[in-house]
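In what follows, subunit A forms one complex with subunit B and a second complex with subunit C.
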Partner chain A sequence: MSEKAISLHYEIDGNNFTVAGQASSSIKKVLKQLGVAPEVIRKVAISMYEGEINTIIHGKGGVADVTISSESIIIVFKDNGPGIPDIEKAMQSGFSTASDEARELGFGAGMGLPNMKKYSDNMTIESEVGKGTTVTLTVNLQ
Partner chain B sequence: MNSNQQYYHSVRLDTDKCKGCINCIKGCPTEAIRVRDGKAKIIKERCIDCGECIRSCPYQAKSAVTERLDDIFNYRYKIAIPAPTLYGQFNNLKDINLILTGLKYLGFDDVYEVAKATEIITDYTKKLLKEGKLQRPVINSACPAVIRLITVRFPNLINNILPVISPMEAAAKVARKEAVRKTGLRPSEIGVFFISPCAAKATSVRSPLGTLAPLVDGVLSIKEVYLKLLPILGKIEKVEDLSTCAFAGVRWAGAGGEADALGIEKYVAVDGIDNVVKLLEEVEDDEKLDVDFIEALGCTGGCVGGPLTVENTFVAKTKIKKLAETLKRKGQRPVVIPLSEEELRWDTPITYRNVLNLDDDILVAMQKMETMQDIYEKLPHLDCGSCGAPSCKALSEDIVRGYSTETDCIYKLREKVRELARQMVELEEEMPGSFKSDNREY
Partner chain C sequence: MKLKQVSEILHAKVLTKSPWEDNEIQSACGCDLMSDVLAFVKNQAMLLTGLVNPQVIRTAEMMDIKTIVFVRGKMPQAGVLELAEDMGITVMSTEYPMYIACGELYKNGLGGRGE
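Our next item is the complex of A and B:
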């Protein structure tokens, strides 16, 4: 097993909606440079995008840290937002607390977290109401 | 790898005209250009022939290789297949037949309109969309610059591309077939020439996408044909009734034309290569995107904005619109479909070409990536382009690949010169006593 890993850090601005997707684009390029298979890139892209948007809309901004090793890609989204009171419920397809404003922009289908679960090989959520949320995703390279 | 065969490109550089400025390297959507030895160099495997550099070069040093009008006389029977964009180049054009008759005056024996062939493509696309077997959202296949962009940058969208030949190719197939029937000549004695707004199409004619056999014998730029047509249009005595296309086909010249012809509800029409990149990034990321069809065109405004046109994009757009309205009033002529589904479908799958990977071995690639990140951190992050690479990131990548050195960055070079100067002063102080001056009295 190799210890080598690439770390990437992204600040996700909670006030700027137009930057959504930038971290995802950047990661996609890095993965292509590393020669990672397109199927894996797709899994990461979807997870990354949904996570970025949740961090903006629900978490009021935060950070994403991505660690790429020869075995896996680990993505950690961390925010100091309102937190998730009932994680199990939040994970259900279709559950959403998105504001009308977010819905107008086409978000709020309640599919973000379920998609992240579907496209990653492992996902954990730690959250405390009033403190913030940390979502950790692992996508295996093989 | 025989790179010439594999990566044939119509876009070329005239080194005499190139001043080595940074206009083209900055605008290239695939970062395929570097300035080396004071001249631009195109990295063949990355170039998608979109023609962005042809437009951005202030010295006209970039061009697209096309055939010349004289070349049509190598064939016994010559057919022009004009892009609908050609119709948008002329002032107050009321009758397309004037242009088509003009093409015959130039030496063509017959014309077949690409605008007519769009009807075949639209019909077949409608059928495929209705069957619902294609991967959603379906991305149009009419713009070869977009297809090439996808093959090098969006591997996950390759299966979304409509697996159907372009209107140009359909026009060529029909025209050749009909000519064989009419003249009894062998297919190879018939020369089919596309009158093109497009550098990417000039490439496609030699290296087709989705099909192995080249279908078009040559490409003439609208620029050239326009110049030859202008002086003769006034001299045409009898305008022949040659045009069979309808308004929907003419509208394909502008952005949104293909989508309009399909008449579908959930579509996005995007034009301009940077906008296309942005949209495709989102399509790749967003599982929930509720869109059936994407019409993506590399040029701003669509093909009327093509690099081989003469008229201003927006003026041409208006002209096309007017012309289409006139045709609409005349009514749509019925669609004849002289091509089978087999002839319309791609027969060769297109594949992803990773032009970005740093190494085939992921561990080595990771090592290089780390070095690249370290190099990047030390660069000034000004993206000034003076090093010949489009950005500091691109330079750090070039350095890791062994194509450049840190001192290609003028800021790094200055630091180094300063450091050298400091070392010289230091050395001077360490000189042997017999070399040093001093102000003691002896």
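Our next item is the complex of A and C:
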């Protein structure tokens, strides 16, 4: 892979569940083309897809910025949604504030954030109630 | 197990058009919670599910799942099969409910090592 970092930007539509996953799908294809190891692609695909779904369900849409370098893949989700009042509680498996619509799609069981943490090498959450949330995921390449 | 055998055991109808009979699966997972699929399923598994929305196909794509069986005779919304075709995923539909579909496959030697 070249030494120069690649930056990709995605808009995540908060009103359209049917297109959820397009950004993750695109990143998966890019990583495959770059020859990234399958186990790394898997980690990125799972954590990014959960992040994309979360951005729609909870953030009411937002953006994802992905930076691919020779050391890592960094994914930043940013939304202007309601924010997370208690991050520790939100991280607990099984805790969820998702809508019925999200549940009908097979999500909203309180596993999104735990899955993102499990499949990334580092995860940080910055959130302010009423302003929005930024989640940063890092998956190491080495 | 070859998909031809899967379709015979489940009396399933194949809904996608790409060649499928000789494709093989190593294990299967019966699940309606996509986060569970993302958390636990290993490669080369087949997914049996009662959900028929595009997120099932997207989840399969992320996990490199190449075969999906919709149980209880459910048919997907418009666009779902096209998305599956684009991803090279074979989609079947069986009249069996989840428990019976999984049981029949297990009885015929298909394990759940993918879970």
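Convention: the second predicted complex is superposed on the first by the 139 of 142 C-alpha atoms of A that agree within 3 Å, B and C clash if a C-alpha of one lies under 4 Å from a C-alpha of the other, contacts with A are read in each partner's own complex, and residues count from 1 in each chain.
Please note the rule applied: contacts are C-beta pairs under 8 Å (C-beta built on N, C-alpha and C of every residue); 3 or more make two chains touch, one makes a residue touch a chain.
Note that the coordinates shown come from a computational prediction; the quantities given were computed from them, not determined experimentally.
S.K.: Aligned on subunit A, subunit B and subunit C: do they clash or fit?
M.R.: Superposition result for subunit B and subunit C: clash.
S.K.: Considering only the touch criterion stated at the top, classify A:K89 as touching first (subunit B), second (subunit C), both, or neither.
M.R.: In the superposed model, A:K89 contacts neither subunit B nor subunit C.
S.K.: Once the structures are superposed on A, label A:S70 by its partner contacts, choosing first (subunit B), second (subunit C), both or neither.
M.R.: After superposition on chain A, A:S70 lies in contact with subunit B alone.
S.K.: Which of the two partners, first being subunit B and second being subunit C, lies in contact with A:K32: first, second, both, or neither?
M.R.: first
S.K.: Between subunit B and subunit C, point out the one touching more subunit A residues.
M.R.: B
S.K.: According to the stated criteria, A:L105 is in contact with first (subunit B), second (subunit C), both, or neither; which is it?
M.R.: The answer is second: A:L105 touches subunit C but not subunit B.
S.K.: Return first, second, both or neither, reflecting whether A:K4 touches subunit B, subunit C, both chains, or no partner chain.
M.R.: In the superposition, A:K4 contacts subunit B only.
S.K.: Mind working out whether A:K131 is in touch with subunit B, subunit C, both or neither, as first, second, both or neither?
M.R.: A:K131 sits against neither subunit B nor subunit C.
S.K.: Between 290-298, 344-352, 380-388 or 416-424, work out which stretch of subunit B sticks into subunit C after superposition.
M.R.: None of the options clash except 290-298.
S.K.: Which positions of subunit A sit in both the subunit B and the subunit C interface?
M.R.: 21, 24-25, 28, 42, 45-46, 49-50, 106, 109, 111, 115
S.K.: Quick check: in the complex, which residue numbers of subunit A touch subunit C?
M.R.: Touch list, subunit A to subunit C: 17-18, 20-21, 24-25, 28, 42, 45-46, 49-50, 53, 104-107, 109, 111-112, 115, 118.
S.K.: Touching residues of subunit A toward subunit B in the complex: what are they?
M.R.: 2, 4-6, 21, 24-25, 28-30, 32-36, 38-39, 41-42, 45-46, 48-50, 68-70, 106, 109, 111, 115, 141
S.K.: Across the complex, what residues on subunit B touch subunit A?
M.R.: Subunit B reaches subunit A through residues 155-156, 281-282, 284-288, 352, 354, 356-360, 362-363, 365-367, 369-370, 373, 397.
S.K.: Report the residues of subunit C in contact with subunit A in the complex, numbered from low to high.
M.R.: Per the stated touch rule, the residues are 32-39, 49, 51, 53-56, 58-59, 61-64, 79.
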